[in-house]
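For reference, the structure is listed below as C-alpha cells.
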Amino acid sequence: MIVVMERGATEENIQNVIDKFIVLEFSVHRSTGVVHTVLGGVGPAELVDPAEFKVMPGVRECYRIMSPYKLASRAFKPEGTVVRFESAAAGKVELGGGQVVVMAGPSCVESEEQIKQCAGIAAANGARFLRAGAFKPQSSPYGFQGLGEKGLQLLRQAADQHGLFVVSEVVDHTQIAMMEQYVDLLQVGAQNMQNFTLLRELGATQRPVLLKRGISATIEELLLSAEYILTGGNYNVVLCERGIRTFETYTASTMDIAAIPVVHKLSHLPIIADPSHGTGRRDKVTPMARAAVAAGADGLLVEIHPDPDRALSDGAHSQRPEQFAELMAQLKVIAAAVGRSV
Amino acid sequence: MIVVMERGATEENIQNVIDKFIVLEFSVHRSTGVVHTVLGGVGPAELVDPAEFKVMPGVRECYRIMSPYKLASRAFKPEGTVVRFESAAAGKVELGGGQVVVMAGPSCVESEEQIKQCAGIAAANGARFLRAGAFKPQSSPYGFQGLGEKGLQLLRQAADQHGLFVVSEVVDHTQIAMMEQYVDLLQVGAQNMQNFTLLRELGATQRPVLLKRGISATIEELLLSAEYILTGGNYNVVLCERGIRTFETYTASTMDIAAIPVVHKLSHLPIIADPSHGTGRRDKVTPMARAAVAAGADGLLVEIHPDPDRALSDGAHSQRPEQFAELMAQLKVIAAAVGRSV
Amino acid sequence: MIVVMERGATEENIQNVIDKFIVLEFSVHRSTGVVHTVLGGVGPAELVDPAEFKVMPGVRECYRIMSPYKLASRAFKPEGTVVRFESAAAGKVELGGGQVVVMAGPSCVESEEQIKQCAGIAAANGARFLRAGAFKPQSSPYGFQGLGEKGLQLLRQAADQHGLFVVSEVVDHTQIAMMEQYVDLLQVGAQNMQNFTLLRELGATQRPVLLKRGISATIEELLLSAEYILTGGNYNVVLCERGIRTFETYTASTMDIAAIPVVHKLSHLPIIADPSHGTGRRDKVTPMARAAVAAGADGLLVEIHPDPDRALSDGAHSQRPEQFAELMAQLKVIAAAVGRSV
Amino acid sequence: MIVVMERGATEENIQNVIDKFIVLEFSVHRSTGVVHTVLGGVGPAELVDPAEFKVMPGVRECYRIMSPYKLASRAFKPEGTVVRFESAAAGKVELGGGQVVVMAGPSCVESEEQIKQCAGIAAANGARFLRAGAFKPQSSPYGFQGLGEKGLQLLRQAADQHGLFVVSEVVDHTQIAMMEQYVDLLQVGAQNMQNFTLLRELGATQRPVLLKRGISATIEELLLSAEYILTGGNYNVVLCERGIRTFETYTASTMDIAAIPVVHKLSHLPIIADPSHGTGRRDKVTPMARAAVAAGADGLLVEIHPDPDRALSDGAHSQRPEQFAELMAQLKVIAAAVGRSV
C-alpha cells in the first residue's frame, strides 16, 4: 500500500497514517520528498481498502500495490489451469487446453422431446457439453422458472444418449448436492457472481464450476469471486465473459472481448465466452463467437433451440439448427487460424 | 405488445407474428398502414420478452406496452404505501409518511462496546433505526465477514437500550427465521437484488424488507425484484437508492438521485437513500443526504462509527460522531423545506 | 509519478524506468523494499500519461501524484472564484457567491414573440439570466438548427427589456467575436467540452464561459477542459453538471449530483446544474433542481417555454410557466435552508 | 411514430396528441383497443423526438418507427459502399471490399526521421495507409499538440516514398482545405464525432472521411453523425469502432466488437476498428485486432512506433516494429479464415 501525502500535510497527519499502518500490522517505509511525503506499507494488503487511507487528513492518494487475489492470479500457476472431464459416455475433454470447447443447448429444459433434439443437434455439430437450465433466474416473477430436478434428469439422459457432458446453472447453495448427481459443470450465473454463500459452498466441492461475470463486474471482481471458490479448495474453476451493461442498447449487453486476453494475463484460469447472452440477438451470435475465439477464448456457450420461435425463454438469441451448424463450421476455421481445434 | 413490421414484410412474415401471438394467448389487432403494418397484441405481456418478436423475419421493432410489474406499480395503490413499525422500546415510526426516517450505525457490529456507542450516537441525534451488519458480503474472501448471530444479539441489545429499531442485512434465505428474532427491517443488499430464491422466501414472511438497488440495475429491474416479494404476499417493502456504477471513479458510485422521484411516480413503495455507499467518501455524505431529502427521499441510511479510522470495514465513508450531529442538524432544515420532519 | 516494480523486476527493468524519467526531465528517488522497488519521479507530471510507464517491462503499476491541472485546482485559489456580471439593464450578479443564480429560457429562440414571453416569465419569477440557443447542435442533421445571428438579436432585446443577462451557446470558434456583441456568458455545450480549438479561443477573450460537462466526461476531464480556457488567461469560467450517460434509460441521462460538492473540493470554479437536460423529463426538473441546490450548486439552468407542446426543440423537458413559478418558489426555501438566496 | 395512451387517458388527452401530430404534418391513424388507445403517425419522423410525446398528459409511451437516418441506412444502398483510393505512388485500394485494409503509424508526427521509419515499417508489413497526427487533440493543455502543417508535409513525403496513402485527423473546419493537400482520408476523432460544424463542412468536400465513434456514442448517434456528412453530398464515409467508456478500467476503453456486425446490418458504410485506442495497452492490440477482423471489420487502425518508450504521445499502446510484423502475420491467417485478404 502506498500513501502519498498532500503538499501541506503536517507531521501529525503523517504520524496518523503510520499509526494506522501499524494497527493493521503493516511494516512502514517513509520517503520524504521535496514536495510530497510518500509512505509505503507492506502487509496483508488484500484486507485493507485503500479508501480507508484516502479519507484521512493530509492524504492525497492511496494505492494498493498487490493484487487483492492470490490463488486466482497467474503467478500462482504460471503454466495455466486445465480443467479435465472424463466419463464413459462422453469421453475426455479439457478446458484450457488446445481445444475450443463448445457447450450448446437451450435456455431451459422444456420437455424430453425438446432436450433430446437439442442434444442431437449439439452432438452432431461437434459440441462437447449440453447446456440447459432447470432452475431459471428470471428478472420477472412471472417468467418461466424451469422444470427443477425433473429437468435435470431429462438433461442428463439426453446428454448421455449423445455422448455429451452436462453444464447447468445452480442458483442456491442448498441444491448443490442434488445437482451434483446430474451435472458435470456447475454454472454460477451473472446475477449470482457475488452470492458469496453460494461461492463458498462451491469451494467445498470438487465439482468444476463455470463462473459467469456479473453484468457490471470488473475483471478484478470476477477474479475475487473465483478466489472465494479457490480458497475453499476447489481449483476447477472456469470463467465466462457474457457481456457487460453499458449505454448501448442495440445489443442486450456489450461483450468485453478484451476481457479474454486480460484474464489470460492476470489469471491461470480458463475463460470461455457466451455470445448468446452477450448480444441477445440471434444473428450476431456467429460473428461474436468468431471474435471470441480469435481473441483466445477457451470455449463457447451457445444457445440453440429446435424451434426458437416457440422457446419458453430466451428464444430471441437461440440459434436455429442450421445456424448452429454454420457457426460450428466457421469456428473450425477460426480456431485453426489461432492454432486450436474445435 | 406492439409489433411494427418492416416496409417490405411479406404476408407470411405478418402471419407468423400473428401465430406467435396466438400461441402466447394474446388477442391480436392488425393495422395496415401505407408504409408499415402494425400488430397490437393484448395479453399477459409481462411473460413475454419483446426480443422474442424482434428477431422474427420481417419485424422492425417490438415494444411492450404494459409494465412488466403489477403489484409494485403506483396504479396498484395510488395513495402510496406506508410501512409501519411499533415496539415498546422504540415507539412508532412510519416509512413513507411525513417523517424522513434516518437509519444510522456502523458497517458491521464489531464489539459490544462499539455497537453501544453507535446506538448512543444514533439515538442522541434523532435516528430511529440502528443499522449494522452481522453477515457481511465482501467482494474479497479475505475481508471481515461479520460476527454472525452473536453480532445480531449485540445489535438488538444496543438498539433496545436506546429506543431504536433494527435494520440488518440478510444474505441467505436459510437465515431468515433466525434473523427475524433480532431484526425489524431485513435488508437485501445490492449484490442480492436479483437473488430470486432469497426474494421469494422474503415474500413468505411479513417482516418488512429494505431492498437495495443493484449497482447496475435499472429502476424497472428494481421494481421487478420488489414484485417477487410482493407476489409472495409481503407488502412491507421499502426501496433504497445506493448509487450505480458508471465510468466516474472519484466517487465509489454515482448516486442516481433522480431515481427517487421516478420511483415515486412509477410505484407506491417508499424509497430511501444511502449516501454512505453511494459516495464512498465521508466528506460527501452530508451534501448527498441533503440532496436526497430535497428530491423527496423517505429516509436515509447513514454509516457512523465512533472511530472510523479503526473500523474493520467501510471506515472510509463512515461519519464521525460530530459529523453525524451536523448532518442531522442540516437535514432538519432541508426536511422542513420540503414539508417534512426528521 | 510513482512507479511500483514487479516482485521479479530485474535491475535492467528498473534502470530503464529511471532512464525514462530522466528523458522526461524528472528527478528520481528510489526506494528498494523487501518485495517491491518503488521509484518516485518529480517533474512536470501533467505532461506524462502513467500508461507510458505501465507498459514497460517489470512495471507493476504507475500512479500520477499531482493533479494534471493546476490553474483549475482549488489550491490555486483557495477562497474560490466569483464571476461577476454588471450592466445598466440587468444590474449586478455574482456566480459563486451567496446567490443561487437561475438562468431560464427556451431551448431555442424561435420568434420575437416567443423569446419575449420567455423573458417575461423568467424575470417575473426571479431568474437573472435569459438562456436560449441561436445555433443548435442537434444529433440529427434534420433537426431545427436555430435562427443564427438574428436569433441572438432577438434574445438580447428580450433580455434587455426584462433586465436579464444573456447566456447562449457558441458552437464554433469563428463565431466568438460576433457572439460577444450579444451574449454575456458564452456556453460551451456538452458535445464541445473537448473541442480544444474552441476552448483555446475562448481563453483568449475575457468574456465569461459556461463549460458544460460532456456526457461521458470524468470530473477530471471537465477540469482539464477548464484548464484550456484558464491557461489562455480567461479566469471567468463557470462549470455545469448536466448528467452523464449510463445504462439507465428512464431519464435522458443520470445527473451526477455528487459532482457538485466534488468540484467544490477540487476546484475554485463555480458550478451550476442543468436539471432540464439532466433528466429530459419536465416533471423531474423541480425535484432535481432542489437536489442540486441542496448539494451546493451555485446556480441552475432551466428550460422554460410558454407552450412546450409546440416548442421546436426540447419541449419535453421545458417547464410550463406555472411549473417554473412553482419551481422558483420551492428553490427559495431550499436555498435558504443551505444559507443562500435565489 | 406510435403513441400508446394510458389506460385512463381522456378523450381530450387523445385529441391533444392527434393535434400535435397534425401540427407536425403527420397523418394519424387511431386504433382504439380494449385497454389502450394507440395512435400511429406517419410523417417526417426523424424531425421529432419521441420525448415530446412522452411527456404529454395521458401518454404512456411513444416509439419512433423509422430510423432517424436515411442516407446512412443499409436500405439506401443494399449492396454496400466501397470507398476507393488511387494514386500513382500507392496504387489502388478499396475500403469495404475484399481486403482488410490496415492503416499504421505513430500517434503523432514527431520528426522526419521518426515518420520515415514508421512508413518503412508500415509498408514492409503490408499496411496500405500511413497514419499520424499533426494536430493533436489532447485532454490536457500541457500535452504535445503536434507539428501542424509541417507535420503533414513530412507525413506526405514519408507515405509517398513508401507507396502508402495518408490518413490524418482534422480537428477544425477551417483546416480542411489546407489538409486536403496532404491527406487522402480525413479522420474525425472521437471527441469531434458531434462537432456538427466540422461534419457539415466535410460533407461539402469529396475527400473520404474516417468517422470515429465517440466514447459514449450509441451506434445510432454514430450513424446520425455520418448522415451529416452524407447529406452534404460526400458519400465517401468510413466508420471506426474505437471503444466506448464503461466502468471497466483495466483497459482504456471497452471495444464494442459487436458494433461491427451491427453497423454492417444497419448501414451500407464500411467500418474499421482501432484496437490501439480501444485497449490502450500494447499487449492487447493483437488479440483485439484478430477479434475485429473475425467479426467482419473492413480495416484496422494500428499505432506503431520505432521506439514506443520515447514516443511523445500514446507510446503505451503503440506496437514495436517486431510486434507489428507478428500482428500482420496473424491477421493474414484470420482474414483468410473469414474469406478476405490483408
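So that you can tell them apart, the chains are marked A, B, C and D in the order they are listed, and the count of residues begins at 1 in each.
One rule holds in what follows: a contact is a pair of C-beta atoms (placed from the backbone, for glycine too) under 8 Å apart; a residue touches a chain by one contact, two chains touch by 3 or more.
It should be emphasised that the depicted structure is a prediction, and the values quoted were computed from it without experimental measurement.
Listed by label, the chains touching chain A and chain D alike are B, C. Among the other chains, the CA centroid farthest from that of chain C is the one of A.
Centroids built from CA atoms put chain D at 39 Å from chain B. Chain A and chain B have centres, each the mean of its CA atoms, that are 26 Å apart. Distance between chain B and chain C, defined via averaged C-alpha coordinates, is recorded as 31 Å.
Shared interface positions of chain B, i.e. residues touching 2 or more other chains, are given as 216, 245-247, 249, 283.
Within the complex formed with chain B, the chain D residues making contact are 2, 4, 7, 29, 31, 33-36, 38, 40, 42, 60-61, 63, 65-66, 75, 245-247, 249. By the touch rule above, chain C contacts chain B in their complex via residues 216, 218-220, 244, 246-251, 254-262, 265, 278-279, 283-284, 287-288, 290-296, 330, 333-334, 336-338.
Within the complex formed with chain A, the chain B residues making contact are 16, 20, 23, 44, 46-47, 49, 51-52, 54-56, 68-69, 137-144, 171-174, 191-192, 194-197, 200, 214-216, 221, 224-225, 227-228, 231, 245, 252, 280-283, 308-311, 314-317.
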